[in-house]
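The following pair of complexes shares a single chain, chain A, combined with chain B in the former and chain C in the latter.
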Partner chain A sequence: MNERSAKLRILRCDAWLLLALFWMTLLLSAALLAQWLPLPDPANDTDYTQLSIPPSLTHWLGTDDVGRDLLSRIIWGARISLTVGLSATLIGLFVGGVLGLSSGYFRGYYEEAVLWLIDVILSLPPLVAAMTISAVLGPSLTNVTLAIAFIKIPAFARVTRAATLGYANREFVLAAHSLGASHRDVLLRELLPNVFLAVGTYGLTSVAIAIATEGGLAFLGLSVPPPAASWGALIAQGRPVLAEAPHVALVPALVMFVTVLALNVIGDASRKRLDTRGAAL
Partner chain B sequence: MNSSIRHMLRLVPVLFGSTVLTFVLINLLPGDPVVSILGDQASPAQIEDLRSQMGMDRSVLLRYFDWLMSALHGDLSRSLMTREPVTEVVVQRLPVSLQLMLMAQAIALIVGLPLGVVAAWRRDSALDRVINIGAYGLLSAPAFILAIILIYVVSVRFGLLPATGYTSIGTDPLANMRSMALPSLVLAATPMAIYARLVRSDMIATLQEDFILLAKAQGHSAGYILFRQALRPSLLPMITVFGVNTGVLLGGAVIIEYLFALPGLGSLMVDATLNRDYPLLQGVVLCIAVAFCLVNLLVDLAYLLLDPRIRHE
Partner chain C sequence: MSALLQVRGLGVWLRNGDAASHVIDDVSFDIAAGEMLGLVGESGAGKTVLARTLLGLCRPGSVEGVIGSIRFEGHELTTLSEREWRALRGVSIAMVFQDPMTALNPVLTVGEQIEHALTRRRGLSRAEARRRAVELLERVGMPDPTRRARQYPVQLSGGLRQRVVIALALSCEPKLLIADEPTTALDVTVQAQVLDLLDHLRRERGMAVMLISHNLAVVASHADRVAVMYGGRVAEIGPSEALFVTPRMRYTAALLRALPRLHDDRHVRLESIAGRPPDLHNLPAGCRFAARCPHTDARCAIQPPLSGDLETLHRFACWHPAPVGEPTLVVSR
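The block that comes next holds the complex of A and B.
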């Protein structure tokens, strides 16, 4: 490849990244500022004269089948989807991280036990596990978050353990040991800062997966109970009227798809940028 | 041989663990199944009655042990709603899910492999870029979103295929294929993208090898070189991905079957969940977990059998 096309390639990648960042900024600020935006009430502002109307000047994204403004419902839904995505990832990251870091450091029977636990959780397909937990606990914001966090544990534990194994025998850890550092110090001061980067870049991708999973649960009616509605619930609501008013399902579907895509693009870009393994050599 | 036995032995504690996990998920989490079955209006006497009928008044360990013992004998107790034996219902529903997953895997392989090969062959061309972006997009699209879009385009707009309804393969094979076409296509999307990306990156490395240069020098056609020679070494890692994808499919099938109203295990699970039919849910989840473990075991064994480096160790 010559230099010019290499430059073009970088520009093109950055264009995607910029678009993704722009979309996420827009979405995040809309979600954060939802109560101050001039939006109709997403749950109760039903207008029976304007059922399932396509996008127009008064309703930018149209209305749903009971006459509620779709833009408002999507922005309020974004709050739920993003909250679940972020908090499930953080909880999964924390629990999985603790398991992975400690098992990669202490080894022995403890490591075997952790690996067994991971295998056991993985013996259930993720969505099946999340569905079961969410169904048994009962649908609510906390419960759906916990259900998704639970299925995130294995991946984070594995990534953290792999990264820890790579650092645990390095000289700086040996040096810390010989200086009399406690296990706690080695884990928190020597290993954690190194491991965190490897695991953190996986976080954004994980938020994307979590949002998609929440969407799936909501689609099945196993997420936040109505009248609150995340994107998955909006799509499920539009499914029966797909023939007469396709925008009711397709608009939230598109918003969710673009968000997952944007998070993946940002995640991949940050992984490439932060991956120092190749750059150091 | 030794390592294959070791693989099978590793499965035992994992399977044991997953029965415990299934049981714990459904029986120990807060939220009383008895109350949720009977509703808020039930009198304490009614609740007590059903509780002892379900054996819920005994200790957890006893209940787990009983359940495990009868599960080992193939008895997964009865559904709360229909009173049918869970094992029978599962066996009834299994063929639909199997067909769905086999068709999805077949579509994913038939479309994904050649796309990956072509992308590697015409690396950095416009075609490669289109395939790459397409695969990236498919990986970012949750199954139910793809399903909605496909239903809208194929069924609503053009009326080519039915969006819901199921005809069994015994009654009318053609109608069966028509009813399974859209669901399996949706389900195939993610594995297809995974296969295409994997083959592409793997083959780009293979195409640099000397034996490819030799084959080119010998004047073989591009098709022969790509599919008969360069693809072969990439097939082995595919087996592992095949196993991973089965998990994706099992999970995806739940939503897809529900969405397209196919009477498979997935929609059975959704029904059990929405009706709070705990014995049924527990039985279905156990079957899915066992099936998933077995697929992974088979994948490991196939790997042992096929990879000479491991075989001769």
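The block that comes next holds the complex of A and C.
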């Protein structure tokens, strides 16, 4: 009861968080429902009489330089951007999490080896590494996701390992050992739920970064091939007509900006709510 | 008396940077089934390392070497593999930890934690485990156990959490319970409740208890026998009555004189023991208490052995034992 009213109070105070949640809900539902929404075909429905027109009643966000509806392009693009952002984060979280959790728990030479591997990945400039992977594998939804997931592994591994080190020395882990718990039990039941709180909030922020990274790759033409277009590709497409019709590049850029910001706001808020370090446990 | 646990000549070295510290040195004692042995000593005397060694729980990599023998029901423990240790922990020997605030997993309800131990170690079904967990909570005196089982550790007070920790330790019906300062983190009134609970449980179940504490009063009122540790060695061991009324080893005697008494006049300066405990990285060759002891002579440069043999009830390691007949402490039981 008390908890609930406290939660409500936090929500009420934090208008930014509410706005961010509203934006993400809107975006997610639009992206999920895209094929049922009364939108013109984002790739083929070209209106040659209305090239690069600014926002109007028939085209709410205007059209691009070949007369396609920008609103439709952005919503369909959201599917790609969000899919890549979420799945790259999940893959990075999984692989990095397994490495971080196990190395923080087992220590020794295994930990050294994992740290060495992480340092090797970190020594590559992330965007260049993602570009190389994407270019070598060929631009496709799966490959760009894998490329971004790969450059996310070190951060997740480090965050997970740091959290694991903190919890592995806590008495409840020793208590589990004193009851004869196996390594698997300790890792999955004692450490994972605790560590996940710390890593999960970082994951939200990471989705934002992944979306921006995908934007960068798409801008360079290394993401999903046309006619499908993520937000980065839309911005790239608007670049040649930036002087005459700035909205073609600016509208998708703005959408991406707001989305990244919203995810960061949500990530920060959840970190504040779930941060148990200061709490008496 | 056939002992449940037999420790003989136990020595433990812990790694300390490049050096090794001799944290436990030639420790021997027995615990009989159903007996409560008190283990007292100041911080750094080796109590916790001893307890963890008995469960094979010293962090791997931190132990430089272990010598001597630990036998539990006749089986040697020092040579067990990690897998064999796991089979033994909880079922044969379990442990209650010092700080109930950190000894429970914060993200699982207390019921879940006990149920997990029951399904995993005792092979109970989920439903049985749930019923049994509530039963265990009830047995350790948890009020309203059904509701409490669904709560998280943060929702319980320190005393209630320590009861959960004890219930968890009891879940696999261990024959020996090692309680490492189980009351240090608790209020005084709750301390008494927890100790009475431990005492009650061991009588009810015939479970042996090793009660570790730096609080002499706690040990005096509950333990059958008491071992005093100093600098990694057993300085004196004997029935609690004998040890508290006629301590022989000079350290024990000094320790008891340092206790404040209710019938003392007010503003009396408490006696203290001059000096500080020995540095475990640089131990003296002879008696480890010699540097702080007013009764030393040349012989103290050689470590005094424990008096008597293993059959002797009251043993102490001192060349110049305190005379019998100066009652030091009146034990009320």
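We adopt the following convention: the second predicted complex is superposed on the first by the 265 of 281 C-alpha atoms of A that agree within 3 Å, B and C clash if a C-alpha of one lies under 4 Å from a C-alpha of the other, contacts with A are read in each partner's own complex, and residues count from 1 in each chain.
One rule holds in what follows: a contact is a pair of C-beta atoms (placed from the backbone, for glycine too) under 8 Å apart; a residue touches a chain by one contact, two chains touch by 3 or more.
The model shown is predicted, which means the values in this text are computed figures rather than measured ones.
Student: Should chain B and chain C be called a clash or a fit once both complexes are overlaid on chain A?
Tutor: Once chain A is superposed (C-alpha atoms), there is room for both chain B and chain C without a clash.
Student: Determine, under the contact definition given at the top, whether A:127 touches first (chain B), second (chain C), both, or neither.
Tutor: Only chain B; A:127 stays clear of chain C.
Student: Taking the superposition as given, does A:165 touch the first partner, chain B, the second, chain C, both, or neither?
Tutor: After superposition on chain A, A:165 lies in contact with neither partner.
Student: Could you look at A:30 and tell me whether it touches chain B, chain C, both or neither (first, second, both, neither)?
Tutor: In the superposition, A:30 touches no partner, neither chain B nor chain C.
Student: Just chain B (first), just chain C (second), both, or neither: which does A:90 touch?
Tutor: A:90 sits against neither chain B nor chain C.
Student: Name the chain, either chain B or chain C, that contacts more residues of chain A.
Tutor: Residues of chain A touched, chain B against chain C: more for B.
Student: Just chain B (first), just chain C (second), both, or neither: which does A:228 touch?
Tutor: After superposition on chain A, A:228 lies in contact with neither partner.
Student: Please indicate which partner A:179 is in contact with in the superposed arrangement: first for chain B, second for chain C, both, or neither.
Tutor: second
Student: Which value in Å is the smallest Cα separation between chain B and chain C when the structures are fitted on chain A?
Tutor: When the complexes share the chain A frame, the smallest chain B-chain C C-alpha distance is 15 Å.
Student: Please report the chain A residues shared by its interface with chain B and its interface with chain C.
Tutor: none
Student: For the complex, give me every residue of chain A touching chain B.
Tutor: 1, 5, 116-117, 119-129, 131-133, 135-138, 208, 212, 215-216, 219-222, 232, 235, 238-239, 242-243, 246, 249-250, 253, 256-257, 260-261, 264
Student: Please name which positions on chain A make contact with chain C in the complex.
Tutor: Touch residues, chain A against chain C: 107-108, 170-172, 174-182, 185, 189-190, 193-194, 197, 276, 279-281.
Student: Over in the complex, which chain C residues touch chain A? Could you list them?
Tutor: 55, 57, 61, 85-91, 94-95, 97-99, 101-108, 116-117, 120-121, 153-154, 165, 168-169, 171-172
Student: Which of the residues in chain B end up touching chain A in this complex?
Tutor: It is residues 13-15, 17-18, 20-22, 25-26, 29-31, 33, 36, 124, 136-137, 139-145, 148-149, 151-152, 156, 247-248, 250-252, 254-255, 258-259, 269-270, 273-274, 276, 281, 285, 288-289, 292-293 of chain B that touch chain A.
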